[in-house]
Amino acid sequence: MILLTRRATFSASHYYWNDGWSEEKNQRVFGRCANRNGHGHNYTLEVTVAGEPDPVTGFVIDLKWLKDVIEEKIMSAWDHRHFNLEVPEFAATIPTSENIAIAAWRRLEPALAAGARLAAVRVYETPEIFAEYRGES
Amino acid sequence: MILLTRRATFSASHYYWNDGWSEEKNQRVFGRCANRNGHGHNYTLEVTVAGEPDPVTGFVIDLKWLKDVIEEKIMSAWDHRHFNLEVPEFAATIPTSENIAIAAWRRLEPALAAGARLAAVRVYETPEIFAEYRGES
Amino acid sequence: MILLTRRATFSASHYYWNDGWSEEKNQRVFGRCANRNGHGHNYTLEVTVAGEPDPVTGFVIDLKWLKDVIEEKIMSAWDHRHFNLEVPEFAATIPTSENIAIAAWRRLEPALAAGARLAAVRVYETPEIFAEYRGES
Amino acid sequence: MILLTRRATFSASHYYWNDGWSEEKNQRVFGRCANRNGHGHNYTLEVTVAGEPDPVTGFVIDLKWLKDVIEEKIMSAWDHRHFNLEVPEFAATIPTSENIAIAAWRRLEPALAAGARLAAVRVYETPEIFAEYRGES
Amino acid sequence: MILLTRRATFSASHYYWNDGWSEEKNQRVFGRCANRNGHGHNYTLEVTVAGEPDPVTGFVIDLKWLKDVIEEKIMSAWDHRHFNLEVPEFAATIPTSENIAIAAWRRLEPALAAGARLAAVRVYETPEIFAEYRGES
Amino acid sequence: MILLTRRATFSASHYYWNDGWSEEKNQRVFGRCANRNGHGHNYTLEVTVAGEPDPVTGFVIDLKWLKDVIEEKIMSAWDHRHFNLEVPEFAATIPTSENIAIAAWRRLEPALAAGARLAAVRVYETPEIFAEYRGES
């Protein structure tokens, strides 16, 4: 079995805010991230699929098709967007790296099911902080 | 003469918008960057000073002092902020990398004048795009 | 158990071509990679071994010996070479990242068996695309 | 389950030397690393915790708290230090990357137990060499 | 004056060979690079333009236009190509990084003249080797 | 004119200490760097030469020869060494990045004079701090 990974990057804004809390508690828990004007990151997304190389093509997955799926499911919806204000998954969920990784999985897994088994999604918020999700089981 | 550089990173949001233009023209010129919900970047700032190493310390500049100046003049004002909404230089100026580099120079140059000659400020918006400013002359 | 990894880089050429297909089908499936003049990459190879640190040396594996094995088994055969034309594994197999990772495993695993358990081989074709192989089981 | 990783960097010195061996054997086994004046590295430490995102905060772990723990347990003890001469774990253990990863785990695991499950510690001695430890089981 | 840089990457093959020399002399001077099967690299190109930010847009140059020019003049002609066999500039000139930088300048400078002053072209053959050309004067 | 750069890396130890000062003053000025057990870095050295590509070889300088010169003049003397204790230039000079860049220039410039004009030497102490020296004039 081979794990094949493709990386993509996008730029987005977010903030951390829990509507059930006072401003003071939001500030205390979330610090500078609670600034509701938002701040942003150059996110790096790594999508890993698992499988055997096809003996005819040598591919676990066609990387051009994988790029198209990432473009359609992630880039067109998240790049140059504000997670809290424009991305439905985060209407009531805080867009931490952890939750962004889960949301990316849920967007990609059904779309990839025809051609590959999604093995992991990793999201770098900065080069220093990243979250990885490998699905439910 | 030695050129000594210190790098720092910060995360911020921005958008591109000219109030004198129609929405249509803003979209046409600025594309996805015209989204007024904002999007963001992990900016990297490189501050370069020029001088001779002090024969007693070996320093062109005390890098701890340089870090403090960058912290006071840039980080405390720009990190986790929205350039258009919270940074005065950009009330009527579009926060492109070019203009952010000039603004960084103007914040740093007077503060550093006592200890070093500022030679260049470089701002990376992403690893693929960066602007450098070396002052007026 | 510790996983210890050493990275190495090499430059090589390759193309994607299936002799059983028409030129048109090769172009359709492999796109620009079907150009038989070849194109190339700076490949990065990561070799990971697993084991316990030796209490006397602190080593899971002697990294100089690991470097020598990588030099002998991979670098001398693949660096500044054309995978399709000069590397026997790819006489009838397409040199995708997936297949290069498997070939690297097969070259390294027997050579390392005396001193360590090979745990994974990762091959970066570019910083954006990489394949990892962890052996049969 | 999410794996969340925070990276930190520190600079330290070390050498490789086994007191039970002759100088000649130390030189033969450890090569340039046996120079007892020491040499150093910019180490990169990656600390990975595993858990479910808290539904209220979106956090697997509060990254500010994780940073504080890394600061208290690792940075304050190892940064700008000489492993052999100043870090107790290495009084009689050679500070290879393998052993540094284990030592980092032992410092971090009890401190993090209240808030998260430590999943892995990775130590880069250089960008080309790194060791990862995932605990006893 | 601002220096604004955009980075792009492409993969290509090349070899070093002087037809006026014997095989032995080519091997002696060019070493492994004389292998006429070719080898390849992930090249990184940095294009730097100089100018004043437009007061209306904040742009020294429209980076989307710059990207289009790089795409048309460089990427479409060099990406996934063999320099010696497919790129006219190198029919009788050895495709060293030095000469590739000059060729990139000559392709880009006329195309950019309408909108910006080209200041420098830098070509990375690997992260360890790069050539920069700033034009004739 | 082309600027051609080759990068090399080495690991070394150093500390900052002025014998003419009290321990207290050394601590105050140099902070953690005054720890006389030393600490270390993975230094990156960039050596830039300037010239015209030779019409026969396409080379500004033979990069293998440049590598040999760097090996002989820098690596063999500095790699896995302690600057303060083992490198003559720093017997009475503090091994800051600034002074290391000047020392590298003085080692390389005479050795390269036969084949190229040295244009710049850049020394990265960490990815965040670097010094560049371009010679006297």
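Points worth noting:
Residue numbering begins at 1 within each chain, and the chains themselves are lettered A, B, C, D, E and F in the order written.
Rule of thumb we're sticking to: contacts are C-beta pairs under 8 Å (C-beta built on N, C-alpha and C of every residue); 3 or more make two chains touch, one makes a residue touch a chain.
Note that this is a predicted model, so its numbers are computed, not measured.
Common partners of subunit A and subunit E, by the touch rule above, are B, C. Averaging C-alpha coordinates per chain and comparing to subunit C, the farthest chain turns out to be B.
Here subunit B and subunit E face each other with different sets of residues for the most part; under half of the interface numbers are shared between them. Centroid to centroid, with C-alpha atoms defining each point, subunit C and subunit E lie 28 Å apart. Mean C-alpha positions place subunit C and subunit F at a centre distance of 34 Å.
Residue positions of subunit B touching 2 or more other chains, listed in rising order: 127. Pairwise, the chains that touch each other are A-B, A-C, A-D, B-E, B-F, C-D, C-E, D-F, E-F. Partner subunit C is touched in their complex by these residues of subunit A: 1-8, 53, 56-60, 62-64. If you check the complex, the residues on subunit F that touch subunit D are 9, 11-14, 32-33, 35, 37-42, 79-82, 85-86, 126-127.
Residues 16, 18, 20, 29-31, 93-99, 101-102, 127-134 of subunit D touch subunit C in their complex.
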